[in-house]
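Letters are used for the chains, namely A, B, C and D, taken in the order the chains are written, and counting of residues starts over at 1 for each.
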Amino acid sequence: MSALRVTVWNEFRHEQNAKHPASTIYPNGIHAVIAEGLAQQGYDVRTATLDQPEHGLTDQVLADTDVLTWWGHAAHGEVADALVEKVYKRVHEGMGLIVLHSAHFSKIFRKLMGTSCDLKWREAADKELIWIVQPGHPIAEGLPECIEIGDEEMYGEFFDIPQPDELVMVSWFSGGEVFRSGCCYTRGRGKVFYFRPGHESYPTYFNEHVRRVIANGVRWAAPSNSATPVFGNTKPRIS
Amino acid sequence: MSALRVTVWNEFRHEQNAKHPASTIYPNGIHAVIAEGLAQQGYDVRTATLDQPEHGLTDQVLADTDVLTWWGHAAHGEVADALVEKVYKRVHEGMGLIVLHSAHFSKIFRKLMGTSCDLKWREAADKELIWIVQPGHPIAEGLPECIEIGDEEMYGEFFDIPQPDELVMVSWFSGGEVFRSGCCYTRGRGKVFYFRPGHESYPTYFNEHVRRVIANGVRWAAPSNSATPVFGNTKPRIS
Amino acid sequence: MSALRVTVWNEFRHEQNAKHPASTIYPNGIHAVIAEGLAQQGYDVRTATLDQPEHGLTDQVLADTDVLTWWGHAAHGEVADALVEKVYKRVHEGMGLIVLHSAHFSKIFRKLMGTSCDLKWREAADKELIWIVQPGHPIAEGLPECIEIGDEEMYGEFFDIPQPDELVMVSWFSGGEVFRSGCCYTRGRGKVFYFRPGHESYPTYFNEHVRRVIANGVRWAAPSNSATPVFGNTKPRIS
Amino acid sequence: MSALRVTVWNEFRHEQNAKHPASTIYPNGIHAVIAEGLAQQGYDVRTATLDQPEHGLTDQVLADTDVLTWWGHAAHGEVADALVEKVYKRVHEGMGLIVLHSAHFSKIFRKLMGTSCDLKWREAADKELIWIVQPGHPIAEGLPECIEIGDEEMYGEFFDIPQPDELVMVSWFSGGEVFRSGCCYTRGRGKVFYFRPGHESYPTYFNEHVRRVIANGVRWAAPSNSATPVFGNTKPRIS
């Protein structure tokens, strides 16, 4: 079996702003660090960023991608609608999609969810504890029952998403909030996993457990090679 | 408790075409027959159609609607995008939405689902048997375990929808197909119920059990008067 | 429409122990306070307790009960297995069941769930914040987005239950834990709602929001008058 | 990665009755044919049957089993309750369980579901069409959109199970019934997959697609190596 082909997409703006903490924590971009973690799992990993031609996601790249991870924050509006349509189509064909942190507000996630995906937030170095609420799920593989993250941006409920098909994790924040942090969906033949942590001002993507979740999510979201559904006018099966 | 305010929306084109069977079966429009059935339940019912100004759904009408039912088929593309946005917003605020038959392809349903909502179909007077698979659900109230419909258009799987939060009914068709016929979702604070039968060439909306399902769906989808979610930057609950 | 008939069942042991704080907080029993709250909603409420003949749940009482609420803690093992079977059968026939707090370990809840229903706990007057994660759900009717409870026993994940059909609330605890606090299930034609708070050493059942949740839960769990399912050897529908 | 260890359990009574068609179709037992199909996938397969000592499922065998498949029909009552408890415990620890056809009425499935698992049935060589309703699910891997089975026993709704966490397949029967045929659950850390076909009087387990479903089900139900949940009295995470 050949390795899963993963494309790590990143907005890559904060990290190029020398005044932003992200430029110190992720000097080569968040994508470089996420990609490094995934490569260690043996996946075939490439990266793509907003400011590349076609945002780095040409038709060929998309066609060659089994699972796409998506990080965006300040420039969701700059992602071309035509690309969003292409990604949407690829997810429906079976490409997995891992939606990270502030990408809750990305065009593609909102389009796939059919909701606003809005939430509460606070940048105040809250402590975050991520509890596993479905320990038998493949995305929980190899994890402790609780992932502690020292400092993180808070995200709080109500998180305006459809009820997840499978809820794998719930976060606790020191300021008093909770959040559905690991959420699984199916759209068409594709699987979508939303994973909460990863604010650009903290070194969250160096955390080994966070890396493990993303790697597990990629494996869970890998395409299944089932028959392409047939739609439209059809003759009876039985006569 | 005052009566639920229901608005029955209909494309109302087939019925005005003298050459179409719908003009004989539903001379005053499908909406008139659906509205009649709902009024018998004591709801406060009004109707609206595509060719009315603002498609009959002014801001005031939408604001005064607890549950909206939607039937469309040939003219989904003519529904103004701005109206779709308004309905979408109202659903998220809590307005219930009952999506009927060929409205699976309506703009509003596809936008709320995040999928293509495509399916197999056949116009060949198939026999349809609708089986209740969740008999304790409020939408099953007063129904037999199986609803028989003499002649109907066939809809077959794969139906490209998100897995329903609650699957209440599954249809059997004489040509060999099955279909998830009664599907419940929540979007924001609003509830969405998709119900399959109701091709314009058959008198399906006169069927007492079909009427009962729609009436039950309206009751199930009625708004809950819960707190409006607060989004955005928030202070800690705990300090 | 006649009023819903609710039976409030309570173990009623802690409250009769003069050395236990419950004897001061709930001198007439937790059931008296829960029943008072439900009666204010217009329900037809009676109570039953462990040490009554047949635990207060005769066949006639069960037959006349639309929704049963259950509180137990120290004496789950003393509930007769024969009664558990009767309650199980009534739930499958459509009787609603509201499972409160430490009744997570009751025989009836474990039997209906098919899991151990085990969890973490701590008696240390944690602060509890109960967040609504499905604001459109009927059980959220009339509630704020967060219910604050001053002192409560902590319950923490992993809570060994099947994934809820609908997850309505998630709790935050000051010690760092989260908990799925409001969980909806269907079993047969009956509905089951688990609601977390209510340790006997705290006046939780006097809290107006807690009372509202229980009252909403009762309404949600009310039986639907659908056809009794037919099982066994059956002739073809179609010949 | 070492091969998944699968134990194929079978009641193995019909096949030893020379007057029963099963004795001709499955002379070495249904388990032998299922095991053959799974061995072809590279799994490490063994078998066990009711009339072996300890029903063939010693503590050691259970400890060494990653996924257990279960076929039973006429002798559910003869399975020792103590063994059912052991299997239940192993499922909660993470062992996968594939429940086949008439094992819907097995003690272990009913205990895990918390419902009667009753259904309609008919032995009349109905035609069965199994439609995939979640084509992106790993259990649909490599399958056509519809599996045709020439002659089968009919199972019809209402199937008294909890709503599946994931519904993968729905069956159509020539007599007019439908059935939720491929149903996924999680219990504790274990995964449970119910798959409908496989009446002993028909050669269903030689069907390549049926074999594929069982093989995919085994892979899906494989244990995840996550942390063993900690239950009971616990100290605060945060102080």
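The rule is simple: contacts are C-beta pairs under 8 Å (C-beta built on N, C-alpha and C of every residue); 3 or more make two chains touch, one makes a residue touch a chain.
Just so we're clear, the structure is a prediction, and the values are computed from it rather than from any experiment.
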What chains do subunit C and subunit D have as common neighbours? A, B
Between A-B and B-C, which chain pair is linked by more C-beta pairs in contact? A-B
Interchain centroid distance [CA atoms averaged], subunit A/subunit C, Å: 37
From the C-alpha centre of subunit B to that of subunit C, how far is it in Å? 33
Of all residues in subunit B, which are in touch with two or more distinct other chains? 129, 132, 134-135, 145, 156, 158, 163, 165-166, 174, 176-177, 186, 188, 229-230, 237-238
What part of subunit B is in contact with subunit D in the complex they form? 129, 131-135, 145, 156-159, 163, 166-167, 170-173, 176-178, 180
Which part of subunit C faces subunit B closely enough to touch in the complex? 94, 127, 129, 132, 134-138, 140-146, 148, 165-166, 174, 186, 188-191, 223-227, 229-230, 237-238
Residue numbers of subunit C touching subunit D in their complex, please. 92, 111-116, 118-122, 124, 126, 154, 156, 158, 160, 162-163, 165, 174-177, 185-188, 229-239
